[in-house]
Amino acid sequence: MDSKSPERIIADETGQQRTLGYVHHLYGDRCETIMEMDDRHTNRHGGLHGGINAILLDSACGFAASRAWSDDGSQLVVTLSLTTNFLAPAKSGPIKAIGRVSHAGQSVAYADGQVFDGNGILIATGSGVFKRVRNS
Amino acid sequence: MDSKSPERIIADETGQQRTLGYVHHLYGDRCETIMEMDDRHTNRHGGLHGGINAILLDSACGFAASRAWSDDGSQLVVTLSLTTNFLAPAKSGPIKAIGRVSHAGQSVAYADGQVFDGNGILIATGSGVFKRVRNS
Amino acid sequence: MDSKSPERIIADETGQQRTLGYVHHLYGDRCETIMEMDDRHTNRHGGLHGGINAILLDSACGFAASRAWSDDGSQLVVTLSLTTNFLAPAKSGPIKAIGRVSHAGQSVAYADGQVFDGNGILIATGSGVFKRVRNS
Amino acid sequence: MDSKSPERIIADETGQQRTLGYVHHLYGDRCETIMEMDDRHTNRHGGLHGGINAILLDSACGFAASRAWSDDGSQLVVTLSLTTNFLAPAKSGPIKAIGRVSHAGQSVAYADGQVFDGNGILIATGSGVFKRVRNS
């Protein structure tokens, strides 16, 4: 179930991705979005800004959703709704978000995700609803 | 109700904030978090990355929650949960998230938010639950 | 904006509705779902069971979404996702949920809602994403 | 991990529970909330009313949270926020919601849940944030 090496790695694809420095690793059953933690990502407490968890979950779950309709993750999707639960502060990086599809229909897919810090502590969970859109 | 000039402006406070370039404007009844839109914030469609809406909502709602317990927004809070609904793509900046508290108890506050693009189009809505934590 | 008398009242339409005893009041810009509070609705604390807030919000927001596509609320919709925030316990009935559409596209609509108890206290807020489905 | 027989069964505890007819089965690592499906639970499509999924998830996740602080599930908790994703219609009963805690701190616990229909189809997922309150 847990394949060892990613089928595809996606880096530097969007401006947002370059700014924050995360990379998508596409596995057979999931997308792992991995980000080193540095000064770009800090909050008022000096730790990882919580909003980053939302961005990583959105990305990992969105790619998982895309792959429900396209093996290579090329299908464009838009997020309809995303909920993020913030469980614990991140102690150290790298931060890893894992997204998996729970259900994909004709036009809408659902995905769940978890975010772990560098020590393997579960720091956030979330779920999203994604809609397939026409590739331009 | 809608005061004309902010009581306080908070810029460059955190690494995350500097990286993405948003600024908090604290008004009597709300926090407005404003961000110019540029190459740092783009998604696969070339538009505003949806995750940014989550970050802006988290920030605007979090500050609104903080001010439920401290006039100057100095009270530290952590986000317990945040839901973001993505209504429409942003056509142009600046992007403005507005957060308002719906209820604040002893230790937990709730806030709702909206995000507008530069044309005044409502592009996202959301709500968050925030917990008061001890200032260090 | 706040019209005084409902354009339509919907009672006893579904088994769920009869079981819990709520009634939909359709106004021009919103749906109000109203429910007397009794022994059918209590939680472990003897107050209103929180889950009821979710049901009322789902109903009020779902009807508001339906009416974005059909004046009389006959358009069938399914809820894709619903988030409920529980702000305060209900002191007394009747409980009133108000749902309003924030955005409606071709196939997906978004609605926000509030729930008030009989004293006018805001006891819950929420938001939902709804999809239009073919009427059978 | 998946213990075979429940450590405790809780039926008829609240008015809400009696009205809808669900029963909690407490296992070592989870709460299963099980409900036969009948005329009390139907929606406009004649199927299971979506809001029921929210009630079952709230109950199963809330009990899981309670047990993070009390083995017998006697610790009272209030739900701060609950998100429900509606994946598929229920074809037949009994409906089973499973709630598990993902993280429990001093005062706040997080739980995730899934809802299955009688055929074992995943019909809903969700997550909730719960706060420990003083037992009266």
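The first chain written gets the first letter, and so on, giving A, B, C and D; residue counts start at 1 in each chain.
Just so it is clear, contacts are C-beta pairs under 8 Å (C-beta built on N, C-alpha and C of every residue); 3 or more make two chains touch, one makes a residue touch a chain.
Since we're looking at a predicted model, the values are computed, not measured.
Here chain C and chain D face each other with the same set of residues for the most part; over half of the interface numbers are shared between them. More C-beta pairs in contact connect the chains of A-B than those of the other pair, out of A-C and A-B.
Each chain gets a centre from the mean of its Cα atoms; for chain B and chain C, those two points are 27 Å apart.
Each chain gets a centre from the mean of its Cα atoms; for chain A and chain B, those two points are 21 Å apart. In this assembly, the C-alpha centroid of chain A lies 32 Å from the C-alpha centroid of chain C. In chain A, the residues touching two or more other chains are 80-81, 83, 85, 127, 129.
Interface residues of chain C, counted against chain B in their complex, comprise 83, 85, 87-88, 102-103, 105, 110, 112, 122, 125-127, 129. Interface of chain D with chain B (complex): residues 80-81, 83, 107-108, 127, 129, 131.
Those residues of chain D that touch chain C in the complex are listed here as 13-16, 18-20, 38-45, 49-52, 54-56, 58-59, 76, 78-86, 89, 136.
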